[in-house]
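Common to both upcoming complexes is chain A, partnered first by chain B, then by chain C.
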Partner chain A sequence: MSFGASFLGGANSRLLPVSIPLRFFLLGLVFQAAGWAVLLTNAADLAGFNGGLGPVLAAVHLLTLGVLTMTAMGASYQFLPIVTRQALMRFWPARLSFWLVAAGVIILAYAMARLWPFGLDLGAGLVAAGLLIFVILTGDNLRRASGVPVVAAHGWLALVALSAVVIAGFLLISDFRSGGLGDHQAVAIFHMVLAIFGFMGLFAVGFSYILVPMFALAHVDISRAAWAQFLLSVFAIIGFLLGVQTHRGPLMIASASAGFIAAAIYIWAMWTSLRAGMRKRLGVSFLLIRVSWGFLLVGVFLGGAMVANVPVPNTPALFGFVVLVGWLLTFLMGVLQRIMPFLASMHITDKTGKPPLLSSLTPKRPLLVHAAFHFLAVGLVSVGIVVNSAILIRFGAASGLVAVAAFAVFSGHILVQLRKR
Partner chain B sequence: MKSGLPGRHWQDKDGLHIDVRSLSPPQPMVAILGQLDQPDQQGPVTVHHDREPIYLYPELAERGWTWKLVAGEIGEVRLILSRPS
Partner chain C sequence: MNFSSRTAQLLHEDHQATIQVVEALEQVIARAKRLAPDVQDSAVHRALDLAANAIEHEIKTHFTFEETELFTRLEEAGDVGIGQHLRSEHEAILPLGLRVAALAKSALAEGFSDANWPEFKSTSAELIERMYSHIQKEEMALLPMLDDLLDAETDMELAESYSNTL
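Presenting the complex of A and B:
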């Protein structure tokens, strides 16, 4: 090893074993299939869904906790040490957090679907323990992130929101069991808004400010826009929650409007990066990412419309589906198909000691099939919710399953390459 | 050499040098690949970094460039990038 490398203690000391992020991503895929399967078999319950225990809530948590949170955990463990220049000191807590959240999601989702009180407590307890480890590890890393303050700010707030989401989750399930919560509906909205926009939204947006310029090879300063978006988002989330607690409609509408402007600023910053980027051909992954930004705007708009009592049929279910699947899941699948080959290639060397080409680790056909069926799923289920058609929702969920199968083929290709070398 | 990219770059007897030590991610990668993607860039290119750029390697391999870690200053990771003819 050369002087430079040995001086730093070696490159590989910073290289997380690939099995750590991959286990999060792959189990996320299994949970995604489970979520679509639950929807397939309970399609009639979706359009009128407006909260409460049952199979749809189980599907929501398979998606939010099982897919989105799991993937966010894997991606943070992988990327934050690079961004903050601090290696994870130990790997076992990351592995432990995986097992706790994995087991917790299975039990919690089953208990939500089957109305099993002890399972709700057990599942929530395991999930909370795993997420606590994640919050500590990520917080410890963010503490040292000096070079990218706006990304760190998004990260911090996302962690605070996640902690509040889990506490509210406990209150909600204890209320289902033994009552005592004054305003269940208000806590449910608090839990939902902080989960979607506070935790997952800020996380996705914060990561975008690193990943999108990196993928597009863009040198452009978007930090002012990013701060403006951040502050507006904070105002929107806090204002909306205050509006809900105090039953002030105008405050909720003003906050939703601020959220819409924040989303527009974010998307403008992303387009600016893409336009300035030296890499123009970004492939099917960026088709997903771009479409997801459209769904973000539609979702925030629907949220505002719901508060303003605009008569869109089945708005609660439509809003939830558009933001969770249309925006967050689509975005995540776009990012994932870009970073998985990257991670694998850093861990594989051929006979000459070089990594394989990224292109050889990115089979195009499964990704095209995935994108086509994913979009079909989003379209069919959204229309199915609006026109209250269980058949359309069922076809949509089946398309979602095909999309997951196609992505599994893509992931399988990467795993085979990893095993071969 | 392309100007308008982040970091410091200068031409020396042994080719182009890029110093990305003061940059935060993802700018080091943008600075280096931006130079390598210039049609007239044949290498070698010397990179002055503050850590081993593991995320850069897949991109280098994709472009047909090779890399070698060499001795640098204290706290520096120095790489020589070249494009085998």
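Presenting the complex of A and C:
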């Protein structure tokens, strides 16, 4: 073990054992493969999907809970203590939350695909227990943070949104089993919008304000833009949800417009950081990250188009796919390929006892293959949804699987280096 | 964003200057690939000039200041790990920086040969990568910590003494 093991740690233990964040990232990869596989075998159901139990809903939850939430948890456990300069309360609850969410996602996804009522309750219960631990640990860390108010604000709102998403999820499951929910569709939209933009979106955006300047070595004041984006996002999310519950179209359209402006401000702030950054060559990871920002704008635009009744074919499925895969998954994969070698490098030394070169932990070819097939997957499935072609969606899902396999080669290389040294 | 500590700000400005050198070297390597570049080319000449004259000063002065004035204070405050880790990186970077500076001086005088170009290229490539990673860690972790670590008086004293060494 190198000195790196205690970097940013030492007495304060701000650097976690590498096995904690890595287990979240690696299982997220397995769930991603499972999600693409479910889509591959149920391609015909995707284009017309508009909610309801079945394989597509299972694939959606493999992606949202299995990949996006899992990875957000691992990244949050590792990076929030560094950013806030406050050590994580304990390590074991983080490990416990992993096992609870992992088991819960498997059971929940299976139950959704096979219409298994008890599995829905059990899976959701396990996931909720794991997420409760995550909320407590992350909330405790944010409570002690003082130096990053805008990031903390995003974190707090994301945690509140996550809690509401879980409650809405239980209501929906209860309605699937025994009915009684007045407006299932409105609660489903509440659950989806809050999960995508409230929890995962705000988490991704909040972390961007730390990670993007860090990768680009940028020191430019974007806090005003970040606060403006945050306030507009709050208005957009709350306004949209109110509009859905009260069936007020103009409020939904105004909220979607506010969301679009918030997204544009966020992207402007990110570009400003990149322009001011000392590091200009940021590699394939930032190609993914930049493209993901484009999908964010397209996704919010599609959301607005949907409520304005603009005739885009299969808009619900297209909107969901663009924001979940085009924006959030693409962004996450770009970030992961930067932070996994960085974390590994903190825990090992090379043969001469020096800290390893990041390039020795970052094989380029698998990442290029991953990027090419990931973009192909996003493109094919999006077009497949619009033209209602199961074949295109199937080819897209197969491309997604190849992308995951390439990323697994990259991850495997890091694991081998960690074991060797 | 500027750091509120003057000392952190000076170290940040050092990082910016070092990145300029590193980027210039990176461009020379990227453009030349396998063939040794012509040292009379203005961009190559500028990069070599920066490497020959700036690296040694930037690295030695900067590293010594951090190790003697900052890591010791962090250790006294109970944060041992960061100083240990950054010292180990300094130990890896310093010989690379000195070798690149020596090779750049030799190239400015006599041009690159088939023998010294591959060494310059590989040593510079390792220096570039280690330097980016090191600066990233200092910008992310060390410099923000100085805002908490140094009171206004100590900050002023350290900034003044460091300015005098530049």
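The criterion applied here is as follows: the second predicted complex is superposed on the first by the 407 of 421 C-alpha atoms of A that agree within 3 Å, B and C clash if a C-alpha of one lies under 4 Å from a C-alpha of the other, contacts with A are read in each partner's own complex, and residues count from 1 in each chain.
Following the convention adopted for this analysis, a residue touches a chain if its C-beta (ideal position, glycine included) is under 8 Å from a C-beta of that chain, and two chains touch if they have at least 3 such contacts.
Keep in mind the model is a prediction, meaning the values are calculated, not measured.
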Contacts of A:W92 with chain B and chain C, given as first, second, both or neither: neither
Touching partner for A:R281 - first (chain B), second (chain C), both, neither: second
Residues of chain A that lie at the interface with chain B and also at the interface with chain C: 2-4, 7-8, 11, 15, 82, 85, 147, 214, 217, 219, 278, 345-346, 354-355, 357-359
In the complex, chain C residues that touch chain A: 1-3, 12, 15-16, 19, 23, 26, 78-82, 84-89, 91-92, 126, 129-130, 132-133, 135-137, 139-141, 144-145, 148
Contacting residues of chain A [partner chain C, same complex]: 2-4, 6-12, 15, 82, 85, 147, 214-215, 217, 219-221, 223, 278-281, 345-346, 354-355, 357-359
List of chain B residues in touch with chain A within their complex: 4-6, 24-27, 29-31, 33-34, 37, 50-52, 54-55, 57-59, 61-62, 66, 68-72, 74-79
Chain A - residues contacting chain B, complex: 1-5, 7-8, 11, 14-15, 82-83, 85, 147-148, 210-211, 213-214, 217-219, 278, 341-342, 345-346, 354-359
